[in-house]
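Worksheet for the structure shown next.
A, B, C, D, E and F label the chains in the order they appear, each numbered from 1.
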């Protein structure tokens, strides 16, 4: 194993601390979270969902190791690609974006001995092809709405599009859907 | 002409004030300029180049109206696409990026009566197919290096890649090449 | 032409990227735009107004080159003077401010071959003495209110003074007045 | 399980995105990372270390699930306690700090079904009482120095104390010590 | 007197310009004031209270020198301890916090010839044991609420806890209580 | 005494927390201190100078109450005028600036019973007409250079002009001059 390449990976992924989540910036949110912050949040939400699902849903139990790896890696490609907002995604063919992400993630993770397995986990997240992948897909969306609510509780406005987009989203697990409904319920009144 | 669509254009392009120039952010620059700031700078640099070229180069005179419109619009598509850094551009086929930008710019400018001509000017910048387009291409690069020098004069480090990338750049006009060499000459010493 | 002085101009005007529009800062706006961002926005608004006026108003057509130069240069003196808010302007005799701006702009633009003509255009903007100057004066105000609305849409409050000040403003063109009324109409409700 | 309390946990831990790592702020670092960003980085470093150790060290294999949970939770108490810099830690008896953290972490994690096990993992990190706990302790320090190097590569100075403090640190694994030495080797020269 | 130690004091206390008031950050306030800014504000409020009390209350007159020194020094220990929010204070025994602050303040002020008297004034503020100490305690709270109102006037929300905490506060002087009630009266409506 | 006007004063002067010290911003300093932070620093430096002078210089003793009031109020007018950098001051006749400041300070302090005396103190600072006024003038400059050194220690460059300007400054007290020379001595090497 090449230690210099391992360090390159660690130094390059630190870039995610400076990558803004562009969707917030475009709506004028003043203090925009980074992709690293969102990824941390997603891992915590995924941990909580996996824990809760274990006692509540028929689904599960979930492989926690897989869940956490997926959450940590799900946006890693953005260290090179940056965070493309919805308005950009609409302009790029989906297969081009998928392909670009797959190349980025493979290249980034290459220095790790278990790169093959990690890439397979990332792909399972992308495709939602395993129970764990689907759980982390829910966690990714739920974390976004937790942050959205935090912004609104702090006075940010103009974020209705986020709620509307999620309203049309199909949650993979009832637990996620239920938590999202509670988030909606504690949202500051729309006319406030 | 639809005034509401005209206002939508003005409101949406204000987004460029919040779009960071991602190349700087990735290298840890603390106070990252926006695409709007870069576009303003490019227009000023283009104005100065066109003025100076008029008395110095065989090339020219340049149509100043075209020069300024190109400078103002050259990154307008980033209001939807965001500013893709080199590491992202490498992962996307060039024709996909060009196509996405062309769609964005056409859609954004549609509310304006002279949209067709403006889009044609933007295309001439993209292709470098007119003297004015080539001048603004130089202005775009020169402005980036003016800002790079400002960052370095203020203590930023780790920006060598920008200078190296430009060293391999082919300037369209001797005037631009000469100004760039002077920028290099006043750069803080590499080991400082 | 002295190339070093030309570069000095480009390096110094990059300062406008770090000059805050102080009126916003004084009311607690969290993410204050720079003078460079406002100038870029003004140039876009002026471009849109000139385009639209060409098909709508009796006034016009406008000399687009003059319009864009005025928009780009209208706040250039602030690279030295900074952006004085209303509360400061009230404390300084108007002729002192005009004189300071005129000296700054003349000194800044001196390295350019066409400095005389550029300064004359800036003066025409200051005095509103040409149709183009009056159009850019409208653009300057309209851009401010576009940004004000963006701030309010994002949750900022305490900006009523800006709307009140503009309500007493005399627009030079019906087109500008009409666009402003539409901005007012889409403003978030005052008690929200 | 109480879903409202689960949401409270998710909303409260989002606070870590706004908690600055105070050690950097005290030395004048301009863009201070958040505790959430550091925790994300620590999880990535821990993942890399566990992967690499599996093929290099006699130690291991490591339980990856435990490693990742520890990394994600190791600073969670700071959502209430904030990040205390060295100068503050010196002023507070260690047992008071430990006790405060233990209360905070227990209280925060209480809504989760597996709270008991999670708290035990956090304690094992605190005490360095398991191979996984010691690995994450190394990851915590190594991530800090990766970020420190990023700051220095970007031009930050005045961070010598961080390197000196770590020079006296006893790494638990040769792999971590080796990676740290490589970080030192690529550090910008001290007099630069 | 040791001039190098005197400079160390001046350099170290400049750290307070980079110390955020963490209570605001935890509620998502975008532009968080520093401890230095709060201390400046407290000194101004204390000056105003002392002036006003001199003509209004039976209490007083106050020793203005003592009042201003207390206001300037009241949070000086935070240069080492940082600003602990309510959630942290709850987790630390009060005598531990007091002791830590006393050690920090004594150590910081040691280079000054009159350190003993300054420390005694700081203690009188801590204990509220003199009329001046009680006045500055009121100023500290009143300044916090002035800033809170400024945040709310600018659109920040989610700060109700601050008002509720102060509602249970016992003001030492009627003047302070009266000014606080006026602050409440001009607060933007709770449902707005 | 009008309590509403007193509150207006407190609310308006909180604006100084958002007023940047423009000289730093113009040179690209990333994290620009506010006028409130500088004023706090000046009060601490003035306190230290007055304490130290009492045991070292023939001059003195100083009236500490006057010293602290002057330091707190010396830039208060900037709540309306903003902080004019050297490049702006050169463009405005000195008597216009003095007059504007005098009007602003008189108007701001008017709600206080002792306004007359406070304004007289501010004038004594402006004119350097008392020993206390001259001491605070030294503190104002010394604080600026303490902050300048902090910026340089953190990696900022391009601040030579500040040192050069102060080198030509005439210190009123040997103590200030001596402390400044020590600041110079610990400055990071110019070529570093």
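A few remarks follow.
The rule is short, and it goes like this: a contact is a pair of C-beta atoms (placed from the backbone, for glycine too) under 8 Å apart; a residue touches a chain by one contact, two chains touch by 3 or more.
Keep in mind that what you see is a predicted model, and the values were worked out from it rather than measured.
Common neighbours of subunit E and subunit F under the contact definition above: C, D.
Taking the options B-F, D-E or E-F in turn, the interface that duplicates A-C in more than half of its contact pairs by residue number is B-F. Annotation: 41 Å between the Cα-based centres of subunit C and subunit E. For the pair subunit A and subunit B, the distance between mean C-alpha positions equals 32 Å.
In this assembly, the C-alpha centroid of subunit B lies 48 Å from the C-alpha centroid of subunit E.
The set of subunit F residues that touch two or more partner chains comprises 18, 28, 30-31, 150, 155, 157, 192.
Of all possible chain pairs, those that touch are A-B, A-C, A-D, A-E, B-C, B-D, B-F, C-E, C-F, D-E, D-F, E-F. Subunit C makes touch with subunit F in their complex at residues 15, 18-20, 22, 25-26, 28, 79-85, 87-88, 90-93, 96, 100, 103-104.
Every residue of subunit C that touches subunit E in the complex is listed here, in rising order: 27-31, 155-158, 191-192.
Residues 30-31, 150-155, 157, 188-189, 192 of subunit E are the ones that touch subunit C when the two sit in their complex. Taken together, the subunit C residues at the contact with subunit B in this complex read 1, 3-4, 6-7, 9-11, 13-14, 16-18, 31, 33-34, 36-37, 39-41, 43-45, 47-48, 51-52, 54-56, 64-65, 68-69, 72, 112-114, 142-143, 146-147, 149-150, 178-179, 182-183, 186.
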